[in-house]
Every structure is written in C-alpha cells, then in structure tokens.
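After this come two complexes, each holding chain A, first together with chain B and then together with chain C.
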Partner chain A sequence: MVDSKQQWKAWLYLSPAIILLLVFTVWPIINTVRMAFLDGYNGLAIVGGARFTVGIANFQKVIGLTSFKTSLYNTTLLCVLTVPISTLLALLIAVALNSIKPLQKLLQTIFFLPYVTNSIAIGMVFAAMFNIVGNMGTAGNDIIITAGIINNLIELFGGEPINWINAGSTYAANITVMVVYIVWNALPFKILVLLGGLQSINRQYYDAAKVDGTPRARVFTRITVPLLSPMLAYVIITGFIGGFKEYSSIVGIFGEDMGPAGAPHRLNTIVGYIYDALPKMNYGQASAAALILFAIILVVTMINMQVSKKRVHY
Partner chain B sequence: MKVVLQNLTKIFPSRDKKAGKEVVAVNDFTFEIPDGKLIGLLGPSGCGKSTTLYMISGLQKPTGGKIFFGDDDVTELSTENRGIGLVFQNYALYPHMTVKQNILFPLQNLKGADKLDKDTMLERAYEVARLVQIDELMDRKPSELSGGQQQRVAIARALVKMPRVLLLDEPLSNLDARLRLQTREEIRRIQKETGITTVFVTHDQEEAMSISDMIVVMKLGVVQQIGEPQEVYDNPINLFVAKFLGTPPINVLGGRVEGGRLFIGEDMVMEVTGVADQPVVVGIRPEGFELDDNGPLCCTLKNVEVMGRDVSIVSSHAASLNPQIRSIINADHRVDTSAETVRFSLKPHKVFLFDAGTEARIPYEVK
Partner chain C sequence: MAKNKNEIVMHERNIQNVSAKQRVVKVMVKVMIYLFLVVMALIVLFPFYWMISSSLKSLDEYRLTVPTFWPRQVIFSNYADAFTTASLGRLFLNTAYVGIVSTLLSLVITVLSAFAFARLEFKGRETMFAALLGTMMIPGELFTITNYATINTFGWMNTFKVLIFPFLVSVFYIYLLRQNFLQIPNELYLAAKVDGTGDLKYLWKVMVPLSLPTLISITILKMMGAWNSYVWPNLVANDPAHRLITNGLRNAFTDATGDVNYPVQMAAVAIVSAPLFLVFLFLRKYIMTGVSRSGIKG
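Right, the complex of A and B next:
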C-alpha cells in the first residue's frame, strides 16, 4: 500500500495515461451510448438547434436499412468462413513448423512477415494478384486479357480465367478473394500464438505417446490439440472479435467503395457502414450500429467462452 | 525377460561447435540384467544413468553397442515395438484425461491382432488399477491426485500393456520423504507381483539399496561396480563407490602403510597384512568405529548426537579428508560428552584402503 502522503505522487505519475484514456476512450464510449439513444441525433440537426428525445429510433432505423443488413451479412459471412479456416491452417502450419528443426527460425520469420506489413499495402498486392484487365474484342468474340498471377496460374493449368474483383465480377468471386486475403493476413498472429503454445508443451507427453506406439493422427487429436486448447480458444475468440471489425482488408482490395466497380458497397461491413454514416453526420445511426456490433461481439464471445468451458483444458 | 546391454555407448555431439568437445554420456556399458529382477541404476547427476535407461527404452539411439531383450536384438527397433513400459520422472500423465483414460490410452493404440474390444480394455485397466491400488480414483483428473497417486497412475499406465521390461526414471524424486518410503516399497511389491524385469534410475543410494536386487553404480558414463546392494556396500571397488553408498557417508582419512601396519597420523590403527608400503586413503564406515578407551585412533570430540537407538559421535582428526568424522555406535555405550578426546578401535571389515593415486581398492587380509 502506498503511504497516503505519497498518494498524490502516484496520481501524478498516472495522470498522463488516465487523462488520455478519459478523453479518448472513456468519454467516446459514454458519448456513443448517449448519441445512440437520442432519436434522430444528427450533426445537421445540432447545428439547427434541435432537441432530441431519448428513444430507440436510431436502432429501428439502422436495422431496417438494407445497407446495414448487407453489411451485417457480409461481416458474418466473412467471420464464419475465415475464422475456422485460418485457425485450422495456422494450427497445421504451427505443428509443421514445430516439427522441423532446420530453418525453423527463418520460416518463422517468413510466416510472421504479413503481420508487420501494412494491410492496405498487402491488399493492393492481392488486388494485383487477382487482377483481370478488361474485355477486348467484339460481342461473341471476347478476348479476356489477364494480368493477375492467379489467373495466369489458372490458365497455365488449362482453366478459364475468372473475373475476381473487376467490374462485372460475381459476389462469390469477390468473397473468395476476401476470404483468401483475410485468412492469409490472419495467419501470422495465430501461428505465432499456437507455435508458442506448442513449444511450451512438455516433450515428455510425446515421448510417453511414442512409447505407447500412438499413431501420429491420434497424437495430434488426443494430445496436441487438447493441450493447445487454451491457445486455440484465445486465437478463435480474438479471431471472431477481429473478424466482426473487418474493414481495412476490404478497403485494401476494393478501395473505399467497398465493392467492385459498378457494384459499390456490395462488400460493405458493419465498421464500413459506421464510417459511411459519419460523413453524412448520421451520428445517432452510426452510434447505434456501433452498439449493435458491440452486442454481437459480446454474444459471440460469450458463446465462445461457454464452449471453451467444456472443451478447453487449462 | 532378461535384458542384455553389450558395449553400450552414447556420445552426444557438442552443442557448441567451436568448443568441439563431445560428451560421452555412457561409455562401453556391458551388463546382463537377469529375468524378473529389479535393477537400480545409481549415480550422481550427469553419470549417464538416465541416458542408459532411455537407450533401453528406445527413445535414444545408442552410438555404439547392442541391446537385447531375451535373444532379440532390439537395438534398431523403435520404441513402440520394444514392448516396454516407461514411467517418466514427472510422470507425464496427460492432464486433460481422467485416470481411466490415461490408463486406457496405451491399449487404444494397439493395432491388428493385439486389438482389444472395449470391455477387455476396461477389464485390463481396472485390473492394473487394483494392482497399484488406484481403482477408486479412476474418474479423477491427474491434477486432483497427490504425487504418490499420480506416480501409481503412471505405473499403471506403463504396466497395462503388460510390457516385457518396465523402466522407471527417478520414480521417487517428486515425492516427499514419507511418501518416498511408502512408494518404494510399493514399487517393490508391484514388481514382485508382476515379475516384470524392471530397471530404475535414481541418484539416491538409499532408495536403490533398499529395493533393488542389483545395483549399478555409474560415474561420468562409466560403470563402476555392479552387484547386490549389500555386496557393493561391503566391498566397494573404489573410493567413489565407497563414498557414494551409505548414509551417513563413509569417513575418509589420509594414512599410510608401513610394514604391514596402517597408520593414521601418528597412530598405528590396524594390521593390514599383505599391503606394500605406500600412502593410502582410508575409508571407514560410520559403523566401523568402536568406543575403546585404549583404542588406537584418538579423535577430538566435537559433538554427540543421540538418535535413540544409536549415538552419533562427531569428532575430528588431523588426517581426516572430511571436515569431521561421524561414527555411529550402539546407544548402550555411554559417551562422556565433556571429554575432549574420544578413542576408537576399528572393525577391520568396515575399513577400506584405497590407492592414493588411482583411488582403486587395495585388498588386505583381515586377521
């Protein structure tokens, strides 16, 4: 316990952090809740000197909007697809990395590179990889010119190039690109955490399993995965939280239009919707959407926690 | 199943390439472990005892030499095909499985002709659980068990496949003193009941002596002596073995032999027929002293510790290579604790002579 005469010093030393947190974290949270529950709260209306009644009109409005429904659908779809895929891939890669001795450090570094690279930059690289450059020729005699390495590969193996992200591309193609990109982007952190977990598993469990002649698949499912379950739970929970906040990855590939040319906002997410509402000064709706996002993340995390109670062995 | 180790050698390459010095963990170990016996591998840390055990288990490959189980050469055989049970130092029980699942685990791995149905597996698991007396704890997790109970589960898991050889790595080191006594008797009982050839590793000489049929004393990868515990204790082959066995440890003094007589300091303490004149190291077991007012060995009395059955006399002598001399005598003798000196005569079969240079035992005839 700090001597009471010295307490003011403690507060003094803490004050820079506390003041910053109060101004930039605590107050915005409180203000978000306030704005969300003031019916029709809007930047223009404030200027007009309007007074707002407390209510849930912002929420009703937001939920009724097609643009919000699209955003919610996209966000959920990307989450449900990318979190399991990236977790599974990260697990396999981590196990593989852990089992090789030569070049392990180098490979670890390579796998970690995407984590320290700007996601917009990565997005642009991916956009280039999945690119397709226009249609040439006349009706009935289309020549598609491809400049993306993915389509080049497809053509190399005798397939038809696919319009991934350009004008006229399908929703399925867009989502596929997003899933590949998000999974790839999510891998390094997950691999890092899981590899750390793997390396902290006592080798003797594996020796014991070896003495008993345990097949490799069984070692993986019955020993590695259960002993890694705390890390897996952590990676999955943070994966869902990050997944519901998906935004910059889509900007990285499709730009701020959040969709291919000709179909803007087709791939919008909840965070994207919130950002879109702000320039229109729809602060009330943006706040309501933010709170809905918060509620979704809370529920999903609680479900995750419930599942981990049964499945995670600490 | 007898286990034969033939010129077994293990060399670890040096970790630091610049230093370039490899470590010989086990050097030319040859020994035939008789069927159904309990063998204790004994030595200070780094003596190669665990490496030997892991080579028998197959988790480590020997650099040279061969290992036979019965007449089968198992040197190149992988661990899982050797039919061994191994109990790890910290038991390595799977923390996320119940005791029952832990014991069943090795059985569930059996393939082909050995495959068992569920009921047989359970039956076997309970059978071995009863043997080690943990059948009441089958639904608990390892974290809910005491150290001694975990130890038993580990033994049960090792035994459930009915191994040809049971290997235990420092089986008692994680237990408290009382549990250690109890568990070592338990290990002895289980070994006797199953009749499985068992090898265990320990650095605790008392542990090894108390339950082993035979002990192997090792130092820096080299086997020093192999024999029945009492035989090794009574007839240590060199100073290292003599020092390593026995609590309290043997007293070591500098002395010399002149004309068939042993001198410690200026005192002529014993006749040692047939020993050439030379400086020697004298080892005297604590129980080798007898209080004798006319005894030849005169020591400065420092302390007397009464232990009930025995009395432990702590004294010092100028020739002693240890800070003090500890002797244990029957409590029937009253010791004058106020005296400044104490005189002993020595029991000849408790006194060992060693070469001052090589530390090898110098035999002499006891008259």
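Right, the complex of A and C next:
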C-alpha cells in the first residue's frame, strides 16, 4: 500500500541528502568520466572558450609521464610491502591477545591507540624520531647534528646510523620509514577486526582439537586461520584499497614536497599526483589518473574476491 | 597398595613427569606470548612517549648526541610557544566551528534519510538505496577533481561552506542508522499514527532515543573527521581565517629552513593529539563499534 502522502513525505525527507549527493557525488562521477575523455581538457582553457575532442589522449599522456609512473610505482610498492606485513603482525597480535586473560583489556586498548590519532601529527613525531639534522647552520653557521632517537637505538644495539629522511638519504631508507609508519598506523583496525573474528569462533572446535591432542601450530593453521578467513579477506581488501589511496601519511613525514630535501616528489603517490594537477586546473589528466586509480582498486578487489572464493570458508 | 606393585608406581611417576613437562611448556608458551605482546605494545607506544618527553625538553637537551630518556629539566613553556607559533587558538576555533556545524547538519540529514528508507514506502525505494550504497565503492579522490572545479565556479574558495557542504552526506551513516531504525518494531509507528502523533514528533520522541548509541558513534566519527581532515581543506581553504587544525599544524612547521624547533613542534603535536585521546578514553565503546563496521578512518 503506497499512499501518495507518504510518497510526497519520503521525497521531502530525502531532499537535502539527494540535492547534496547530486551536486557533490553524482555530478562528479559523470563529469570526471567526461573530462577524462576530452583530449587535453583544462579548466583554464575552458574559460578561454576552447572546445575539446573526444578521445583517450589524457590517458596516453598520463601513462607516458614519468611523474605518474613514479607515483604508480611508489603506491604499488608501499601496498605490496605494507599489506602483508601489517596483516601478518595483526594476526599474530590478535591470536596472542585472544589466548590470554590478565591484561587483555589493557593491551587491547594500547593496540587500538594509534587508530585515534591524526596521521599528519603523528607522522611529524615519526619524522622527528628518524630525523638526523637538528640545525643546518643558520645563526653563526653552526651545524649541529643529532643522530635522532632511532639511530641512537640502532647504535645501542651495535648498528650503523642511517640517513633515513634527510637530504641525501636513499630511496630504500625513505621507503623503510614509510613502511614502518604505515604498518604502525594500519595495525589497530586490523587487530580490532581480527580479534572480533577470533572471539566469535565457536570454542567447540578448540575443545575437539584438545581432545585429539592436536599440536598448537596445527590448530592455528587448520582451525584458526580457516575460520578467520572471512575477516582476513576483509582486512586484506580494505588494506589494499586504503593502500592505493596512500597520501597523507607521506605528507606527515615528508611534508607537501613528498620527498626528502633535494629530491622532492620522489615518494609521490597516485593520489598525490591527482592533487598536484588540481591547482594547475589540469582536470583532464587528473580525471584520467583518478579513473586509472579506480580501475586498479576495482581489479585488485576483484582478484582478492576471486582468491577469497576459493580460500575463504564461510 | 601401590607399595607392592612397583610397575604401577613407575607408571604414575611417568604420568607425573609428562604432565610436569607439559606444564613447563605451557608456562613457557604463556611467557613467550606475553613477551611478544609487551614488546609490540612498547613499540606501539614509543612514538607517544617520545612526543611527550621531547615536548618537555629544552632545545639544547633535545639535541644532545646521547639522548636523555626523560627531560632533566621539565619545561612547560614549549606548550605556550606552540600555541603562539602555530596560532593554535584560531585553528582550534575554526575546527570546532566546522566540526560542530557539519556534525549537526549531518545528523539531521542522516536521521531524515534513514527514516524515509526505513519507514516510509515510496516508489523506487530499494533501487535508490542500492544506488546510494553503490557510490560507496568509488574512491573519494574521483569526486575531488570535479568538486574542486565546482567550488571554483560557486566562488566558495576559502570559505567555511566549502569545508562543510561537499562531504556532508555520508551514505555509510545513512546505511548504519537505517539498519538501526529497522530493528524498531513497526507497530510503534502505526500506534503513534493512530494516536495522531506526527512523523517528526515520533522520530524525535521514539526513534532518536532508541538509536542513540548509533547517533553518538556518528557524532564522534564526524567530529574526529573534522579534526583530522587534511587533504580537502588544504586544497580549498588554506587561508589563515579558515585553516583547520591539522593543516595549520603541518604548515606552521614546514616553511622553516631546516631549523625546526622539535620540542615546540612536539608540544604542538601533543596539543592536537590530546582531545583525540580524551575522546578515546571516555567514548571508546562508540568509536570501536563504528569503526569495526566501517573500515574507514575518521
């Protein structure tokens, strides 16, 4: 029974949401596709009355650009490194947390703490920890060099200090810092989801394993992991989606330059590339890059789903 | 009885031995588990510890080649300096304003939409709901480009409007609240209608109180979102009058010529982080339920 008064009311209640979504969500979807397929589309040229032909020149241009290739490479590398590391660590921590009673709540709270932080702010703390140069000689040309707490710790254990993020640092060192920070940032959400999954596994499976005298490692690989696989698939998929949109954690450590002093944009990501194009009103290329990003996320998600279908036990 | 039968004694002893061994293994495993967790917890906590300890040091002490693990002389003036260097007061007011206004508007919109989807019958309801959920798959960066152009056309650059409106409607929150509304029995609604209670009154007196936990979750996540947002504000409202806190924090310490006063910077970071920790401490339950269902940060 659909009476017309309810119809009218429903659309009234939905109207604020619909209007805002039309302007800021639906139109952008259409317009982004449109701009991506208009050759050389540019916000400044459109003011000048320029007309554009339909084509794929934006995509060709973007794919050919070194800056985009660097961004794509960095993003992919960070994803491939951080998702497995953070998932594995989170799994170990969640299983460990699930197997203890005293201190469980306290440790759980500590592990969730990085989640409620500002990724720019804490990125600055990481930068301070890895930083080497305290003062590059301003007043009186004095150069004060501090090793930075991470290097102090490395030396404490007998290692050699490393130039992590300062001018002249290597790409590998930069990436290492980013991996450490991104994993640190990604752990809480994964632990939360995996621990929730573990706590909902029926105890009977473990009791049965105990009766059979199954060794711990076997219980882990044959009971825990399979029964946790939906949750694992979920954190891996969201991990990849988040990973391909990596941006602000790099700004947190390296600033808007997206790289150490002397090598700006060395660590740029796809999202960073899109944002860089905006103030130049290079909308066509930015849109093309955004669609490429969307396609990558879609493909990676679909591959994950396909793998899940074979491996996940619901 | 066992005195005479040595074999049985031997057997019992064996069992005792085995169980003792098992117990040792069990304790060892427990110790290893705790050791692993404590080490990981220390690693997780280390940046926070370093932030606080650095923020209380003098610049000279911070630059010592052999670092001190706790300031020899605790200096609180860094916090005052941070407030002035980054003009945190102004940033704080800006962020509070944007956070409160966008949260209130977002709550109203979310409640009305969720009510329409959960209780009212209209043509195309399911299709429209599915379409809304579909938009959640698309990465936000795809919207940003056109929104940036739209904002330019509207002349909204460097205003509070641009920080409030574009991301006001969250499909995820509508979805969350609709699920909650659906659990409230429809009989209540029909009874209210018989009594002649209006929709809005019913919504306010029955639906909203019954789904308060979800609304609180939404409020906290939305406020945290304003507090932590960086990318969009940095693009469209980066003037001193409208700058938000995260932006201001990043900008205040980047124009420096490599000569960064880290203790002051760490103090500023601590000030920005403090409200988040307070919220976390007191409202953890709401954050965790919201987060585990969304998979999004802020």
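The rule is short, and it goes like this: the second predicted complex is superposed on the first by the 296 of 314 C-alpha atoms of A that agree within 3 Å, B and C clash if a C-alpha of one lies under 4 Å from a C-alpha of the other, contacts with A are read in each partner's own complex, and residues count from 1 in each chain.
Please note the rule applied: contacts are C-beta pairs under 8 Å (C-beta built on N, C-alpha and C of every residue); 3 or more make two chains touch, one makes a residue touch a chain.
What you see is a predicted model, and the numbers here were worked out from it, not measured in a lab.
Asks: Using the overlay on chain A, decide if chain B and chain C clash or can fit next to each other.
Replies: Once chain A is superposed (C-alpha atoms), there is room for both chain B and chain C without a clash.
Asks: Quick check on the superposed pair: does A:Thr66 touch chain B, chain C, both, or neither? Answer first, second, both or neither.
Replies: neither
Asks: Would you check which partner chain A:Thr53 touches, where first means chain B only, second means chain C only, and both and neither mean what they say?
Replies: The answer is neither, since A:Thr53 touches no partner chain.
Asks: Which partner does A:Gln6 contact after superposing on A: first (chain B), second (chain C), both, neither?
Replies: second
Asks: Does chain A have more residues touched by chain B or by chain C?
Replies: C
Asks: Considering only touches as defined above, state whether A:Arg218 meets chain B (first), chain C (second), both or neither.
Replies: In the superposition, A:Arg218 touches chain B alone.
Asks: So, does A:Pro226 touch the first partner chain B, the second partner chain C, both, or neither?
Replies: A:Pro226 sits against chain B, while chain C stays out of touch.
Asks: Enter the shortest inter-chain Cα distance between chain B and chain C once the structures share a common frame, rounded to whole Å.
Replies: 6
Asks: Quick check on the output: what are the common chain A residues between the chain B footprint and the chain C footprint?
Replies: After superposing on chain A, no chain A residue contacts both chain B and chain C.
Asks: Per the contact definition, I'd like the list of chain B residues that touch chain A in the complex.
Replies: Checking each residue of chain B against chain A gives 57-59, 79-81, 84-86, 88, 90, 92, 94-96, 105-106, 108-111, 157, 161.
Asks: Over in the complex, which chain C residues touch chain A? Could you list them?
Replies: Residues 29-30, 33-34, 36-38, 40-41, 43-45, 47-48, 50-51, 54, 62-67, 108-110, 112-113, 115-117, 120-123, 125, 132, 135, 138-150, 152, 165-169, 171, 174, 199, 224, 227-228, 230-231, 235, 246, 249-250, 253-254, 257-259, 262, 265-266, 269, 272-273, 276-277, 279-280, 284, 287-288, 291-292, 295, 297.
Asks: Contact residues on chain A for chain C in the complex?
Replies: 1-2, 6-7, 9-11, 13-14, 16-17, 20-21, 23-29, 31-32, 35, 43, 89, 92-93, 96-97, 99-100, 103, 107, 109-122, 124-126, 128-129, 131, 133-136, 138, 144, 146-147, 149, 152, 184, 187, 189, 192-193, 196, 216, 234, 238, 241, 244-245, 247-248, 251-252, 255-256, 261, 271, 274-275, 278-279, 281, 283, 286-287, 290-291, 293-294, 297
Asks: For chain A, which residues count as touching chain B in their complex?
Replies: Residues in contact with chain B: 202, 204-205, 207-208, 210-215, 218, 222-223, 226-227, 229, 313.
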